[in-house]
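Shared chain: chain A. Partners: chain B in the first complex, chain C in the second.
Here is the complex of A and B:
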């Protein structure tokens, strides 16, 4: 490996080095606070190394990974989300007896997996990154409570995600049989035939399963509901984001969307996700399940940016809209699950997950209620929030590439979604107090993280210029 | 001839796998699973990957499957299960696994004694020696080896955490 390759790999090396130090620290000195701080330091160092070491032009590392502005942007989001998750989890887990330190190791390994996926250009690294992420998530879901819900959620996720991985692996084997190569770029090179198409469809089925797009979405609400709130936030953002980044690079590099069977299948899945996700969210009484269905719909929206790649000559527009949307989605989802985590505690009777738990929140804690209100409005795509900017970019990319059926689904889906997001806000203004729920003590670090996130949702809504400029700058070196 | 052997091994593997998923008894299913893995090892050998074939036997058929078998056997404790287990291993239960393994054994003997197929290569492709596998793993695929180690670390930490909780609950139950 050359110096340039080592330098490009600096984020991965930093986080792995930090992981080793964390393991040693935990082995000799078991303390929740020390483990928490060392995880934060590791992830902060990773953020710094991404900011300083991301190369201007794409740098290929050992043919398996490629580091460019695209990968750097997503890695930055994942590491930042890791920091947010650790911050929220500290207060959430604090006070539970025994074995809290391993949680932070798992957050760091999951982030390593997500970062690998953002850089992958070979099926081997794709699969390894995906499995590191999934294996860490199984334990994170089952982590805190002695109750049945997290274990049940983890078991469901383990089995269904195992099936998805197997489907994907079989698809990769079929692609290898047809093309004789495991690089994304050689997918379409001198290979055709039914096995080749079948392989691509199986691969995309596996990915759609993990992204919880509609025919493969059944696991999502159960897992979101059963998992502890900070972990749910992590699954909803990093797990989905990493898969989407991977899918985006795969589509860009391999030109898989030029296969009409794949294009039609993905369009159908996207439209179904937008409509069915929003319709199923309407009647939910549980905020976590509501957000699960809403995330299914949001993944459907994001597929527009992916499908726009095939129709546009200038792919940078589509990629830019996907990057803006993902940032918005990360901010909104992290804030929503942050509010749930801050209202919950691993010690007590489960999470504050019912919408009725939030009735009267405006009178009890106006600031927190405002944060949740802004988030809900942003998820619905109201102007002056980041959700609107994100949807605007998506719409622009869709219009430019003439994806009218998908845009109609986006409009209808968004219109339906306003109802259930407003319902949450309405519940918060109700006068009655929740009968059972005493909201636990909060700490300044969780509160300030949450307020910062809520402020970012609002500020980026009317002043998105810095982020747009940053993305443009990162994409300038992006060749394809 | 090697192509013919490939199809026989493939047939054995498919038959054994079908029997795995139709058995009502976990121990019997596991025995068929071991046969299926042995057949896959023969296929690997025929395709020119002797190292992968050896790993398949040592790790899958050897370590993991025996572990499975032990767990299945240890979960059923008590007098009634001993009687039950005596019914598991009636002589007629061994007929089918015996036939399948004999086919694989004959294939292996043929491969070892037949002079033309000493390298164990099928009609196309080249044999990959263990040395080449090692050089590839620690050369161009170095990063996948490191990532695999992180994958194992994550699963180890996870298993430790979940297992410890289970053991603690068991201790409280006994006390």
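Here is the complex of A and C:
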């Protein structure tokens, strides 16, 4: 390996080094606070190394990984989300029984997995990253031991996710059989025929499962509901974001979308996700389940950016819109689950997950209610919020690539979604108080994290130009 | 101060009112009033400095700042005659709304004033934005605080009404957004540049069916807001449940944004498609006039009756805009202004009655004149104004619309003219059932209007008389726009 390769790999080396130190620290000195702080330091150092060491032009490391602005952008999002999760989890876990220190190690390992996926250009790294991420997640979901709901969710996720992984593995094997190669880029080189297409479809099925696209979405509401709120936020953002980054690179490098069967299948899945996700969200009384269905719909929206790649000669707009959308989605989802985390406390078993737990929040805690209001409006795609800019980008990409059916689904889906997001806001303005969860104890760090997130949702909706310019810069060295 | 400054002033005034209320209860109303006073002074200053200057172009203020250069989006605000009048109406009715709800709102005054000011800011933005992205931005911005006004301070069924209001506007807004983006895309295909600027997009002439679809996207969004039959069903609910200030703003200015959109965007952007759509649009207008009148006639609820009368009156605007001639368009604009005053006053009256009697039900009223002669006189005046008495503003508007529309379609004009008779029926019925007739046993006594309420009413009265006897300034101010629209006609 050359110096340039080591340098490009610096973020991964930093976070792995930090992880080793954390393991040693916990082995000798068990303290919730120390574990928490060391995770924050590790992740912050990772963020720094991503910011300083991301190469201007794509750098291939050991043939398995490629480090470029695209990967750097997503790694940055994942590491930042890791920091947010650790911050929220500290107050959430404090006061619960059992060893709490390992939780932070799991957050870091999950982030390593996600970062690997953002850099993957080979099926081996794809699988490696995906499994590191998934196995960390199983444990994170089951972490609170007082109630059985997390355990149930973790078991469900373990089994279904395992099935998806094996499906993918089988698909990869079929592709290998047809093409004799495990690089993304060699997919279309010489191979075609039934085995190859079958392999691709099985691979995409596995990915669609992890992205919780309809009809592979069944696990999502249960896992979202059962998992502790900070972990749900992490699953909703990093796990899906990593999968999407991977899918995006896969689509860019391999031309898989030019196979019409794949394109039609993905379009159908996307439209179904947008419509069904939103329709099912209408009925929910549980905020976590509501957000689960809404995330299914949002994944469907995001597929527009992916599918736009196939139709565009200049893929930059599509990639750019995917990157902007993912940023918006990260911010909104992190904020929403952040509010749920902050409203939940260890004394009451389970999370503040029913919408009715939030009634009258506007009058008890106006700032927090404003943050949740802004987030809900952003998820609905109202102007003044980052959700609007993100959706606007999808429109731009979709219109440029003539994806009319998908755009109509986006319009109809957004129209349906307005109802249930507004319902949450309306509940907060009621003159009632829930019996429990009314006055959770909060810490300044969780509060300020949430206010910062809410502010980011607003500011980027109002003035997105800096982010647009940043992404433009990152993509300037990105070749497809 | 520039146009962006004006909007920022209103936004900041709202924040200051909210914050001020926490420090000292009762202060938020004064902060809002002071903010509006400054804004009105600025408006007067802009107009006077234009009048004192060369008067060459009919543009009173404009401003362009880059915003999102990646997509050719800029903060492009302009104020021509039409915008000037509507912004003036907005600020004026803003004051009315604040004063009329002076004692009505008891809880969360600060947040109430905040929402009021943000609605006004959004509406001023809508009336001045000439970048379609910015326009859409303001279009949605005015929606959220209005939603809060209804859902927090509304009456018994506020949840349902506010949700319906939000869904109708938001969903139709999405259609408009879709149309805007496709229009921009057509422009991009033709020129290679992204631009959301009004003047750039005026040059874009999408063809055939596409133009018709895009025109319909805009048309539906604006007709929902107007509201025209069959998209009007949110209005009676929203109005009935809204607090007085909410109703005043809804009827007085939010409905006007729909009419404004038709005049500013639908017809100039898609002249051919709009011309093809002339007959259905005018028919919808006539149906709105008659159906709104008919529904108003059969209401038992004071506010619902006035709400349906709005549907009827705004039908004239639809007819006027799609008649494509100078007289009719000018009539539509006069109608917008006059309806703003007359209906706002009637909603204030409904609010005052509700505050006193705790009901809006007409069958629980009757003979109120005995207790409150001043209120009676005022109601009579505004009912008569709204049914189109010559010498008052609404008459000018409706007359000009009918005059212009006559050249285009006699049958539509006849139908709409019948609407004026219907207006007389439901208007007088409203008067008789509330203030005249046998005194209702249930009403023991009722406090009459005091100085605060009377002064507001007299202001609106003066405005309506001014528009009625000397509408020429409005017609002059509206002339450039009217010319622009009539150019598209054969």
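Simple rule for what comes next: the second predicted complex is superposed on the first by the 475 of 480 C-alpha atoms of A that agree within 3 Å, B and C clash if a C-alpha of one lies under 4 Å from a C-alpha of the other, contacts with A are read in each partner's own complex, and residues count from 1 in each chain.
Criterion: contacts are C-beta pairs under 8 Å (C-beta built on N, C-alpha and C of every residue); 3 or more make two chains touch, one makes a residue touch a chain.
Keep in mind that what you see is a predicted model, and the values were worked out from it rather than measured.
*Asks:* If we overlay the two complexes on their shared chain A, which of chain B and chain C does A:136 touch? Say first, second, both or neither.
*Replies:* first
*Asks:* Which partner does A:25 contact after superposing on A: first (chain B), second (chain C), both, neither?
*Replies:* neither
*Asks:* With the two complexes superposed on chain A, say which partner A:128 touches: chain B (first), chain C (second), both, or neither.
*Replies:* In the superposed model, A:128 contacts chain B only, not chain C.
*Asks:* On the A-aligned overlay, A:99 touches which partner chain: chain B = first, chain C = second, or both, or neither?
*Replies:* first
*Asks:* Let me test your reading of the model: by the given contact rule, A:63 touches which partner, first (chain B), second (chain C), both or neither?
*Replies:* Touch partner of A:63: chain B, not chain C.
*Asks:* Considering only touches as defined above, state whether A:382 meets chain B (first), chain C (second), both or neither.
*Replies:* second
*Asks:* By the touch definition above, which chain A residues appear in both interfaces, chain B in one complex and chain C in the other?
*Replies:* Touching chain B and chain C on chain A: no residues.
*Asks:* Across the complex, what residues on chain A touch chain C?
*Replies:* By the definition above, chain A touches chain C via 363, 377, 380, 382-384, 388, 392, 395-396, 399-400, 407, 411, 414-415, 418-419, 422-423, 426, 429, 463-465, 468-469, 472.
*Asks:* Residue numbers of chain B touching chain A in their complex, please.
*Replies:* So the residues of chain B touching chain A come out as 140-144, 146-148, 150-151, 153-155, 157-162, 164-165, 168-169.
*Asks:* Can you list the chain A residues touching chain B in their complex?
*Replies:* 1, 16, 19, 23, 61-65, 98-99, 102, 105-106, 109-110, 112-113, 116, 124-125, 128-129, 131-132, 135-136, 138-139, 142-143, 146
*Asks:* Where on chain C does chain A make contact in their complex?
*Replies:* 67-71, 108, 136-137, 140-141, 144, 147-148, 151-152, 159, 162-163, 166-167, 170-171, 174-175, 177-178, 181-182, 185
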